[in-house]
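Should a chain be cited, it is by its letter among A, B, C, D, E and F, assigned in written order, with residues numbered from 1 in that chain.
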Amino acid sequence: MIALLVRDMRLAMRAGGGFGLGLAFFLLVAVLVPLGVGPNSALLAKIAPGILWVGALLACLLSLDRLFALDFEDGSLDLLVTAPIPLEGAVAIKALAHWLVTGLPLTLIAPVLGVLLNLPEAGYFWLVVSLALGTPALSVIGAFGAALTVGLKRGGLLLSLLVLPLYVPTLIFGAEVVKRGADGMATATPLALLAAITAGVAALLPFASAAAIRINLR
Amino acid sequence: MELRVDQLAVARGGVTVLEGVSFALPAGRGLVLRGPNGIGKTTLLRTVAGLQPAAAGAVSAGAEAIAYAAHADGLKATLTVTENLAFWAAVYGTAAVEYALAQMNLLDLRDRQAANLSAGQKRRLGLARLLVTGRPIWVLDEPTVSLDTASVALFGDVVRGHMSRGGSVLIATHIDLGIEAEVLELGPYRARDGSQSSAFDAAFGGDFA
Amino acid sequence: MMPELGKYAGAVLGSYAASLGLIVALVAWSLWRSAKVRRTLAEVEARAAKAAALKAKAKKHG
Amino acid sequence: MSLWEYANPQKFMQLSRWVLPFVAAASVLCLVIGLAWGFFWTPDDYKQGSTVKIFYLHVPAAMMAINAWVMMLVTSLVWLIRRHHVSALAAKAAAPVGLTFTLIALATGALWGQPMWGTWWAWDPRLTSFLILALFYLGYIALWQAVDDPDTAADLTSVLCIVGSVFALLSRYAVNFWNQGLHQGASLSLDKKENVADVFWYPALVCIAGFVLLFISLVLLRTRTEIRSRRLGALLARERMG
Amino acid sequence: MIALLVRDMRLAMRAGGGFGLGLAFFLLVAVLVPLGVGPNSALLAKIAPGILWVGALLACLLSLDRLFALDFEDGSLDLLVTAPIPLEGAVAIKALAHWLVTGLPLTLIAPVLGVLLNLPEAGYFWLVVSLALGTPALSVIGAFGAALTVGLKRGGLLLSLLVLPLYVPTLIFGAEVVKRGADGMATATPLALLAAITAGVAALLPFASAAAIRINLR
Amino acid sequence: MELRVDQLAVARGGVTVLEGVSFALPAGRGLVLRGPNGIGKTTLLRTVAGLQPAAAGAVSAGAEAIAYAAHADGLKATLTVTENLAFWAAVYGTAAVEYALAQMNLLDLRDRQAANLSAGQKRRLGLARLLVTGRPIWVLDEPTVSLDTASVALFGDVVRGHMSRGGSVLIATHIDLGIEAEVLELGPYRARDGSQSSAFDAAFGGDFA
């Protein structure tokens, strides 16, 4: 299992810097939105928590698309399924690797992008906390979507369609934490709910994902 | 460990392509599947390897005794030869990487990225994976595609070595590998038309057309 | 006969038009697809029966 | 005789051929009576004016949009547990119907919202969760379409339906948390002070019955089509094999 | 050439409804942003032009990723390069096919999403006009990015990184047209600039793209 | 139309793999390239087909006389067999789809999606593309991979037919196709160590190592 984690991370690093690119996308969203919306800084401050969370979510989604697809195309998924590690574990590990190369760096760089979007001072701490708690859920849910669409040609966009509605609760609670934090309000409730979602999906969804992969391969 | 296949029927795309296939493959023996393109060799091997359910019949050996090698090699283009093998060795919990490299004549290429191998070198690496699985039953789908004659002979030696250590091999191939193995012609097992892959499709006749 | 809808006529009539339109479209599509599948199935079923008969005959002779 | 026998395609086809005309006729009857009654012979509400007439479409459609998803959830579970093909195909058949009802609820709601709230669309929790429901329907239908092998598609969509149901509930809760909203509460009251007057309520009940029956007949019809097309696919595949 | 257009469009339609999915993503962005930002409709009205343009851009980008990659992977790009049609023409045709299956439907559906984001009445016309004029540029520029990254594993994110900066002028002028239109101001200048960008890239970039493909293949 | 290759050197990954390769292939003739895995056959054929520049030397025939078939088939999985071929026919401006289908024994499979073909059937479709190009010089990289013996014979016939109509073929293969063709063994041309692939490398002599 550790071998799988190491391999996936190594592949992510090697693949033309797949590592930095999730970040880059996040950065670009944070840059493009002010360009589209206009330079009014009070307006930007108001939408910053929401945009940052939506940006993180899209960055996750974009890098997710080939979580299993590459392994499927070159035949290693077949081999992995017949290998002596439980597929549920393999799926969980792959989601973890995905988080380590996208969710985690995203969380760490988010404060910088907060500056670009004029996020109020009080919001930074909560931005990092909410992303740290919420992005693992994004990776695990995304892995489920990727498992459903593995082997379908142009699965990429279908994947987005399937996964984005599943992201809704995470997004709402995550953005709510930051918004409340930025306004100096109590954040305990949405934070607890966010943590509950992450714990719940991490415990249960890998089973659904493994089932989906088995179905897709036969 | 014996592989026993009993009245197996296999389906692809909802259509039964082979049916009534039975054979036994004792430890230390080899069996070569032959048959024209499209008869269903790949489908049969995937079923035996546990990747798809059988339409009927049974496969005795558990999937955890079988190492499967498909048309595709499952190589990661950005990893080196050694890294590719080491990953599978770790997954299967063995430590035979050096041995496998030596056996498949890959020592010179060990630090080359898989993307930079020629077609035949890639295939050799794909086959080397079998040696690090440590599993007794090899199920191989056209293993010698793209190999030159020297490499085919090399691979024949590897297969013979595996059999002499009590392993068994089930191979679908169009060419002669030069190993002593029984041959199973798949022609006679071709499913008669009219056979259906699922009870559901069979469950209703034309009376409500 | 027509009730007086007042200033909301647009909204009310619009709702009825949109809803009935969607329902009629769905029903029409379902019926059309049903008819099409039924027709093709009958064709293919007949073809299959003929092929089976031919095969049986060939077996008897050869 | 157990209920499961109707999951046998032949039994199902026989039964549904017999039942379908009656259900369809009943649904047309209920819809015509209910909608005509509501449209022509009910008074205007003192506050909402003639827009109450939208009620007869909006509420039944909204209810059936949810019920259709529940039905898909149940049939998906039956397919995964008992492997009855009719069950999977019924789920497939129901999805477009559910989506249509969702769209009707959204469209009538939007048309209702314009006079009542002064806007076509507001990010009210109910409306939002219905929008999300529409997305779930879309994803579900797209997944059915994207997979070639029918059994694989049935398995995958069933898994999606189950996981999706959990997330749909979660989203509903999250959306409520996010915005308290303008929309009516779950009580069936048009007017905050009292329950809906009987004059509005009776035709609405007939309409609801009509929508339920319409749903059943459409699902029966479409399931019959799906079963046939499944057999058609099998025959064609066999033909191609030669 | 027409054969290539027909083939690409057919592939887009067949591939599990690749046709509708660009739209679906656009829709999802329009849904997610309010979920993140909050339900305040005055706020949404202000950011609507920018968000809609950013959404269209991302929808384009996402579907772009495999414009040449699929052809590269299965070897048809090699064959296409050796075929008797000029590669510049083939690239232009592929960009056109991409626009027909994403940019065009996006333009047509945009007004509906305007409703979701509370776009002011006056903005709808300009939204459609600016997208109709601007999305072809997105497809052509995207084709250039795709040509640069063809053959790189995990090219998808690298592609985003390369292409998004190139999208900046189009985005700025496009969103500006809608913003001015929504506020009832004159739109002639940004509209003219937008048209100039589209005409310019359509005339010149296919040559650069063809060169990039030739380099990537050898 | 003659294909003439003159003192050609080809490079892959910045390393010259073959050099000094010369041969002439007149119209109506065939030439088989042989050599062990990794010697550089694929690299040579890609250079001849104009897909990569030569490190040195020259190829006489223009790329527009050549039809190239690589290890990968270039099939679109979601298109049917006929649609796949018709596309290439339209690109090359010919109308030989029916003829190609008949020649490669694909008529029964014509409406099948390419995704649902077996390995050998896919390969037959990939080769059928050659027939719709209408080009005189075929450059083929291991064309018979995955084919059964009957299909290899079929393809042999197709190649002979092409040659009898004045076409020529250059084939890299490890097996015997049963066509009358000269054989070029690639071993001896192998680039000596130290040969450099580009003017750049040559310009940096060892004097500042």
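Note that contacts are C-beta pairs under 8 Å (C-beta built on N, C-alpha and C of every residue); 3 or more make two chains touch, one makes a residue touch a chain.
These numbers were taken from a predicted model, which means no experiment stands behind them.
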Same vs different contact residues, chain A with chain E, by half of numbers used: same
Chain whose average C-alpha position is farthest from chain C's own: F
Whole-Å gap between the CA centroids of chain D and chain F: 57
Separation of chain B from chain D, taking each centre as the mean of its C-alpha atoms, in whole Å: 47
Whole-Å gap separating chain C and chain E, where each centre is the average of the chain's CA atoms: 37
Centre distance in Å when chain A and chain F are each reduced to the mean of their C-alpha atoms: 44
Residues of chain D touching at least two other chains: 132, 135, 138, 142, 146, 148, 175, 178, 228, 231, 238, 240, 242
Overlap residues in chain B, where contacts from two or more other chains coincide: 13, 71, 77-78, 193-194, 209
Contacts with two or more other chains, residues of chain C listed in rising order: 38, 41, 45
For the chain B and chain A complex, residues of the former touching the latter: 49-53, 63-64, 66-68, 70-79, 83, 86-88, 90-93, 129
Residue numbers on chain F that touch chain B, as the complex places them: 12-13, 35-38, 40-42, 71, 116-121, 124, 142, 145-151, 174-175
Chain D partner contacts - residues on chain C that touch it in the complex: 1, 3-9, 11-12, 14-16, 18-19, 22-23, 26-27, 30-31, 33-34, 37-38, 40-41, 44-45, 47-48, 51
Complex contacts: residues of chain A adjacent to chain D: 144, 148-149, 152, 155, 158, 161-162, 164-166, 168-169, 172-173, 176, 189-190, 193, 197, 205, 208, 211-212, 215-216, 218
Residue numbers on chain B that touch chain D, as the complex places them: 13-15, 17, 191, 193-194, 196-198, 200-201, 203-204, 207-209
